[in-house]
Structure formats: C-alpha cells, structure tokens
C-alpha cells in the first residue's frame, strides 16, 4: 500500500464536505450536565483545530426545518484530513448524538466555461486600470478566477442554501451530447442571471462527478431567504436549468457561532 | 460574521413552515404523569409565546391517517424566529416525543400573474364604489392583493390540506420554456376554478424555489373534505395542472385548540 | 375557530381509512400476560364501539406477507370520528405495539361515468318490472347507484386487496386532457371487465385527490386470490389501465374475526 | 363472515411466498444460550411441520450480501396456511430477531403462451413414443405443463435468484397494447433463450398482478452464479426484456439445510 | 440437496462483494475496553484468514462522508466462502456494531468487446517483441486480458470509488436493441478515454445482471480524487455514458491498513 501517511492532495481544487445531522436528544439527555458541557467543549475544540488547519475553512450552521438540526461545511485540501475531521465531527457530541441525514462530497473547481469569473475579473481589472490583453490583465483574471472558484474564501453571510445538480441526458435534451460551444453559450446566459444578483447572492459551484450521487454541489450565500428564492426561480427560466438541470434536495441553514448554535439547538 | 442578533427579514413576504410529527408514545410513556402535564404546559406556553409574536401566526392540527399525528403551520417574518420556534416546538413535549416526518419551508409571495387577487380586488373595489383607474382603486387593489397572498390572515376553517407542487420541465411540456403571456393565460384558467370554490375553499400558495424540494407549497382551507377533493380534482383537468404540474405527498389535518388536540391524540 | 364539536360531514360520501400496521413483538412482549389480555380486550371494545357507531363499518384483516401484520378498513361519515377512531386504534394494543406502515384516506364517491352502476341498476329495475324512463325506474337506479358506491355495505368476503391508482398525465397519454366522452367510453370498456367478474369480485373505488398521494383507492373483495389476480391482469389489457393508469403498492389481507386474528398473529 | 375455518384454495395454482429477513443480532444476544437452542429447535419444528403439509414445499436459504441474512421460499395451496406459516416463521427465533426486509406474494400459473412447456412436453412425449394429435399425447403435454408451472416440484439446486418483473406500459412500448399473437411470438424468442440453459438454469415464473407490487415473480435455480448472470444477461437482449420488461431488486441465496444455515449465520 | 460441502465455483470469474457499513457507536460503547480490544483482534484475524485464502483478496477502506464509515471489497472464487466471510465480517466487531448500509454482488468478467484489454495486451506484446498473429502473441494477449479483468490483482492505490451502472433500455436509446458491432464501436470510444488515464486511474468492471440490482459494478482506483472526478466527467461525454448509462450511488473510500483504520474511525 502507498505511504499511508502521505497527504492525498488533489491535483486541482480542495475537498468540500457538506454534512447535515439531526440531533438525537434522547441520546443527548442520557448524558449528565457535566458530560454535556465536556461534549460541547470537545466540539468547540475540534472546530478550532479544523479552522487552524492550513487552507481549511469550516462553517457551522443551524438548519431550518427538522430535516436536520446542525450542519457543517468543510473545505480542506487533504482527503485524509477531510475524512478524519468528518469522522471526529460525527462523534464530537457523544456516540449517537449526531445522526447523519445527508452529506455531500465534492471538489472546488474552475468552470470550464468561466464566463462568470471572466467577466467579474474583467470588471476587477478595469477597476485596477489594467488593459485587456496585457500580461498584467491576464494574471489578474486568472488569479481572480481561481480565488473565486478553485481556492475560494467562504463569505460570512447568514443564509446558506445547498443543493446538488446534474445535467440531463434525456432523449431530446442531452447536455453531454451538445458541443462545447453550445454549452458555453448556454452557460453564458446562466451567468448573466448570476451577475444580476451581484452583492446579494454569492454562489460556489463544486464538482462531484465520480465523488457523489450528482454532478455538482451548489452552495448559495445570501443575507436573506428572499434573494435565494428569487435567484433560483429566475435561473429556472434560463434554458440551462429549464431544459437541462435536475436538482436534489434543498437545505437552508443559518451561519451561527458555536455558542449561539448550542443555544438555538437547546444543547 | 454579520451581526448574529439582527433579524433576518426577507425583502418580501413572511416565512412559512409546515411541520408534521409522529408522536413516539413509547418515549411519552417513559414520562411520569407529572412530567407529562409539565410537558403539555410547556408546549402550550410556547404556542402562546409564538402567537403573541408580532405578525406571527401558528395553527395546531391533528393529522388524519398515521402518516403523522400532530402538525404546526407557522408564519413569521424573521428567519431566526422561525428557526428558533421550530427547534423549540420539536422538543416541547420532551426529547424524542415528537418525531419529525415531514416539513416544508416557503415564503409567502404575490403571484406574478395575480389574476385571482386582481379580480377579487376588482370586486371589492366595485363594492366600495371605487373607479378603475383612479389612485384609490389602485391602492385598494394593491392592499387587497398583498393581504391575500403576501401578508395573509390564516382562516380558522377546520379542514386543512397541504402539498407541494412543481412545474414540469419535460421535453414536450416545459413550463419554464413558455412565454410570460402563455403562462399568464394558463394561470387565468386555473384561477377561474379557484373562484368557483369561493366561500368553500381558501388557498394559500407560498414560494419555495431554493428553499425546499419543490417550487411551491399549497395550503387549502375548507370546512369539509369533500370540497378539498372536488377542487383538486377539478383543477386536475385544467391544463396548468393536467400538463404542467407535479405534486408531492398530501397531508390532511383538522384545526383543533390545544386542549382538544391533546385529548384527540391521547396525550 | 369554528365550533370544535360540530361533526365534519362531507357534502357527499363517507370517509374511508385503510390502516396497515406491523406488530412490534419486542414491545408486545414487554407487557405482562395480564397487560396483554387487557390490551386485547381494549382493542375489542374499540372495535365494538366503532361498529356500533351509526353508518360506520370496520373490517379487521390479517395481512399476507410481512409487509404488514394487521389492517383495518374503516368507513364513517364524520372526519372527527374517523380521526379519533384511527388515533385510538393506533394505541389500542399499547404504546409502540402497532407500528403504522401504510395508510390511505379517501371518500366514497359515485363514478362520474356511472356505467357499472347504471347497468346493474338497469338489471335490477328490470327484475322489478320497472320501465326505463319512469320516475320509479329513475329512483331505483339512483338508489342502487348510491348504495353501490356512495353509501356501500362492505361484503364479508374473505380475501381483500387494496391499492391506489392515479391516471397518467404524460406527454402522449394524458387522461385529464381527454374529453368527457372519450373518458366515458374508455371507462365503459373497463366496467365491462368488471361485470365479467360479477359474483366473484366486488370492487369499491373511493376518491382521494387532495386527500392522499394518489387519486383513487381501489378495494377488491373476493373469496379467492386467483380471482384477484385474474381481474387485475385482465383489466391491465383494457386501455384505461394499459395506457392511463399508475398503481401504488398492493396489499392483500384476509378478513378474520378478532379472536381468530389474535391467534393468527400470535398475540 | 364466510366460514372462517374453510381453506382459501385458489381456483388455479398454489400460493408462493418469498420471505427475506435480516437477523437482529442485538435481539438474538439478549437470549440465553438455552433460549437460543430452544428458538432454533422451534424454527426446525415449524420447518418440519410446513414440509409435512400436503402439497407444500419450503426452501431455506442463506442470502448473499447483507441485504438479508435468511430467506424462505414457501409454496402451499391454502391462503390461510400460507398466512399462518409466514406469521409463525416471522416469530420463530423470538420477538424481533427476524426483521423482514423484503417479501413477495404470487401464485403459480401456467403461461398463457406456454411455448416453453409445450416444447418440453413435446420432447417428453416423443421420448415416450406418443404421437402428436392423439389424446395420449395431449394428456402427457397437459400433465407436463402443469407439473412444470402450476404444480411444480422445486429443485434442490444450490444457487437461487429471485426478482420481480413487470411489463412496460410506455408511450411507445406498451406490452398490454400488443395483440395476443404479437405477445406470443415475442415470448417464443424469450423461451428459446431459456431452452439454451436447459440443465443449467431452471426458472419458475409466478403471477402476482393484484397480489404484490409487480406483475410476476421470477425464481431461478442454478448450480453456479455464472449461469444466473449469463441467462439474465442474454435474455436482456431479447426484445421481451430489452423493450418491455422492468425489474425489481435482485436477491441471491444459497440453499442450505437448517443446521448448516444456523452455522453460516452464526446463530 | 446437492452436496452441501462442495464449493460453488463459477464457470468463469470470481465473486466480488462490496460491503459498506456504518458503525453504531452507541452499540460499540456498550462494550468494555477489553471487549473492544477483543473485537478489534477478532476482526483483524478474520481479515488475515480471508487474505490467506487461495485466490482471495480483501481491501479495507475508510469511507468519506457519513454515508458509511467502513467498507470491505472482497474477491474470492467460492460462493460459500464469499457468503461465510461476509456474514462473519458483519458480526466481527460485535452484534449490531457494523450496520450494513449498502452492498453489491458481482462476478469478475472479461469484456465481450475487450477493446481495452486487447489494446493494452497489444502494447505489452509489442514491448515483449511478439508478433501479432503468432501463437505466442495470442497467448500473451489472452493471459493479459484475463489477468486484467477475470482474475485481477487489486492495486494498492489509496483512493477507491465504487458505483453501479446499467445500460438504458429507453424508447429511443436502447443499448440492448443495438447490434454487437454498434455496441463494440461505442465501447471502443469509451475505452479510449480510459487509456488517457493510464497510470492515473485503474478500473475494474464486474458483471452483476441477475446478481444485484444493476448490470455492472465499477471500481475505480486512483491516488487522487481529482483523477476520479476527471475520468468520470470525461466519460460522461462519451456516447456510451451520455446516451446509454444509468448510475447508482457513488461511494469514495480510502485504503487504510486495519490499525490506521481503527484510529481513523475512533474504534
């Protein structure tokens, strides 16, 4: 077997784990008050340790509706670390307290069509007075695109929506039977809707073909559920979604610091 | 992170939560008679607190068939409040007593086609002798439409039906590939069926694209299951439903005051 | 809220509940022999009370295959009564003993096409020497049709089959896009198959649009599983089923008196 | 109610029950060694009693993969007996030890196309020097066909595969919209594949329209998983399967005598 | 019954079992520290015994995401051995500790199109200076093809992806209605993508028609999740996948030696 201690770093992108749990309060109440305090401290310490890990980000969420109670969104380069952190989070509040109800594994990736990032980058470059076509402009664009998608910084906006998405391979509408140019053009219209929500909704699209049951994970960040509803509704009229997209379950969570999260969940 | 105490009020509409639970009587019977009484008082107090919250409404239901036993329908502006109330309701009767079996998150919204509200408003305006085209008429119409859909008062009718609905995006029947005018015209026929049930069935359509697994939540209020069956059956012949609608699970509940609900459920 | 004690009687038809349960023998065996005897008496008393209720019928079934163990079929006018009886049956053998695995809510209804009832009624009228077109004939027909479908007496035949059914709304075969005459004609062929099984299979079709997940519940009564298999197989070749019907899960039960049912289920 | 003690014998065929269980070893280990021995003897005695019943056959299987652990295949004429045996098998190892994971109810039946049986019968008749067209030939054929399908003797071959199957009722490929002759012709090609596996795979097709969720149960007997894989793969190219068949879950089991089965399952 | 002790060796290929489990830590923590140590030694010994069995391979995996925790991939010729090992692995850590969440039964097989193996073999033969058309060349090719697919040696690469796959039998795209030449040609394009990942991704395709719910199991081995994502994404554009393939759930695991696996899973 290959060196079991060597990190498993993807050639491109970081691992992204979305983890949704219900709390089994029957199990939780078997713990004494002291054990509960210790458990919450243990979870806090794991969270701190994860956040202190290089190139690693962790969001903690209170999930809306009893579909789930608590959720984590983890981004980290090494698959060993992702796997180890996830298994430790599972058990952090005691055996059987966090009951997994949904999870998703994906990798951050640059869009192969890059229209959104490109255009944002263009904007940025213009603001910095860089001339299109110059090496400085190209570097700024590449840096920006990567920062946006491949090595993103997760925003601290309160409302988060996650769902997965696959492109259809139907008899009449088969995304994978289209040419690159057709797909690129369709994605351009899609990106246009995205830009209308600039400053209101940030989206992170991560790739998961071969890694989980759908082809992409979509994480939306907003300050308001209305903007989430509006962007997803408007995109549904875009041919990319209207004709080619299938969606999984939708989850909505609220970013909360751990102490507030414990109170919200009555832990 | 953004101010964690700031309320999360949508730009438009109120949050709407439908919460369906089975009662785990095995767990319930582990409680002593005193603990059970305390638990019922605790639930009553949460219900009162929620109902005392500004712009907030809560219905309590006994669910027909063992799909579920008890259900809540909550409407409230702030997402923090919605999330907090929901988590407290979950635990109100003790750990593990209320077992979530189904839930739905949506936002109240005005129909973009507004045919129903428009026509009701027209009627209303006429009864008040307002002239179409005058500012007074327009104001009355806008107020009415908002009151109907965006900021509704839930009726106290006994029989309640909830289901979710999405519009099809099939190869031949793709709602999202129709023009606005085509959709508006189709919705007009749909609204006509609705008006035939005036005084017998009230419906509240709430939007959930991006918020939950389907695109809309539909809540019907009636005094009689026969009217529920009849309106849903008649609408099925309307092209909007016949050709473009997919439906989720159907739940039927009976509005009951808490004391009656406890008796009904043998708590 | 409306008077909470007023019965909820549908304008037309009676409520019909099909209730299927597995027995959790782990829970059952936690009871002492005395508690078990008391529990069985309690269930017997509820069954008697239900059967003594006006216009109310209750069948008790042993279910074939471990999909379920025990089932009830309840017909009663008042929704409050239906809901109350159902919740009491759930708990009748003790907390957690009856574990719901499937249920269905519907309303008895007259077929809008009425071909079967019409033709039976015609036969009946002829046997009574009534002339088609006379008021006596019309009354006999109406009475008969209602007695058959809207206010039926459930037969005591041993073998019972239940499943739900919806009509397709596909791109090419959309039942709800057909004219009334087309649907009536198709249903006529369907009824013809039904008549061939006269004396061998009785069927009760109850409506559930808006009430449960499919559009109709179908209950077949026979003295023999072979007739059940044969009629459902033959109907599958009828265009109404072949091209327009989707079916849910199938359940087969045996009508047994309670004492025999307890022995069968080893309670 | 009809005489509750009268057996429920179908007009044609025997009842066939496929019963798959997981063993809950947590429950099993709550029993003392003595109780476990008693439980195994109890199961052995029920198995003997069933096998001693007239016209009744019971196979005991160890299931491959943790989908299930133990399975029974029961064939018996009387529905009361089938139901009673099944409920007793469920509980035979103690409450909650056998956890049902899948089951299937069907009736043995003669194929309405009878191509396979016919041709086998022809062979047999020839070997006995009977002339086609003579009453003796016809009798031999009928006897053989019945023995094959309607009143079969289950082979003792080690490897058993079970799955259910329905014929498609799609817009373009609708089995039930074909004429009898078209269906008969298609089934003839299907039977031809079956004959190529003569001596390697025996198949028993039982009917379940109206009795369980699909239209047929298929039980394959072989001495080798490779033959199972090969016949099902080759049949998939036959138009009957390629264009008209939908399949349920597949289960593979190994026929073992009870003592060996207990050892295999670590009971 | 056939000799119950005779091994059940398929005519061609080895049995392949993919076994995915969640760990029930509530059950695990009921064991004392000593019992836990004994349990881990018991599992280690079973693993050693399996690995010491002739022609038998066993991989031990930590699963990424809480879909599962621990997984085994077992290849062994005898079905009795496969069944016995699997049942023993299930129970190895104590009753109820390993909770099966997914499993898959298949047989190793040579591709009937053999394009990949053929071309690899050709390469190999050339490197050994064998002339196409000579008996030596043919033998090398056959040996190689068998070694690759029918009697493979599982690589020790860290990242493993498993999913199942079936070919579509749709109205317009029906794999099983294509001629052998059409299928062979399509598979050739598919194999070409595979070869581009030579040295980065190894794939093992095992057959499961008649053995499990889909038609093939696909196991990918890589050193990096990025390569898994890339190959599956690129293959999706290949007509074989784009138009003819349906996929099941995807599982990603990391090969770890047992001691490291115990630590990773906090056992």
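Note that the chains are named A, B, C, D and E in the order they appear, and that numbering of residues resets to 1 at the start of each chain.
Criterion: a contact is a pair of C-beta atoms (placed from the backbone, for glycine too) under 8 Å apart; a residue touches a chain by one contact, two chains touch by 3 or more.
Because the structure is a prediction, the values reported are computed rather than measured.
Visitor: Hey, what angle do you get rotating subunit C onto subunit E on C-alpha, to the nearest 5 degrees?
Guide: Angle of the fitting rotation, subunit C to subunit E: 145 degrees.
Visitor: If you average the Cα atoms of subunit B and of subunit E to get two centres, how far apart are those centres in Å?
Guide: 48
Visitor: Just how far, in Å, is the C-alpha centre of subunit C from the one of subunit B?
Guide: 30
Visitor: What are the residues of subunit B that contact at least two other chains?
Guide: 171
Visitor: Quick one: label the inter-chain contact graph as line, ring, star, complete or other.
Guide: ring
Visitor: Applying the stated contact rule, could you write out the chains in ring order, opening with subunit D and then subunit E?
Guide: Cyclic order starting at subunit D, direction subunit E: D, E, A, B, C.
Visitor: Please give the residue numbers of subunit B that touch subunit C in the complex, ascending.
Guide: 24-26, 28-29, 62, 64-67, 69, 156-159, 161, 163, 170-173, 220, 223-229, 231-233, 236-237, 239, 241-243, 249-250, 252, 254-257, 260, 264-266
Visitor: Write out the stretch or stretches of subunit B touching subunit A in their complex.
Guide: Contacts found on subunit B: 1-2, 4, 8-13, 15, 17, 19, 27, 79-80, 82-84, 86-88, 90-91, 95-96, 100, 103-105, 107, 109, 169, 171, 174, 176-177, 207-213, 215.
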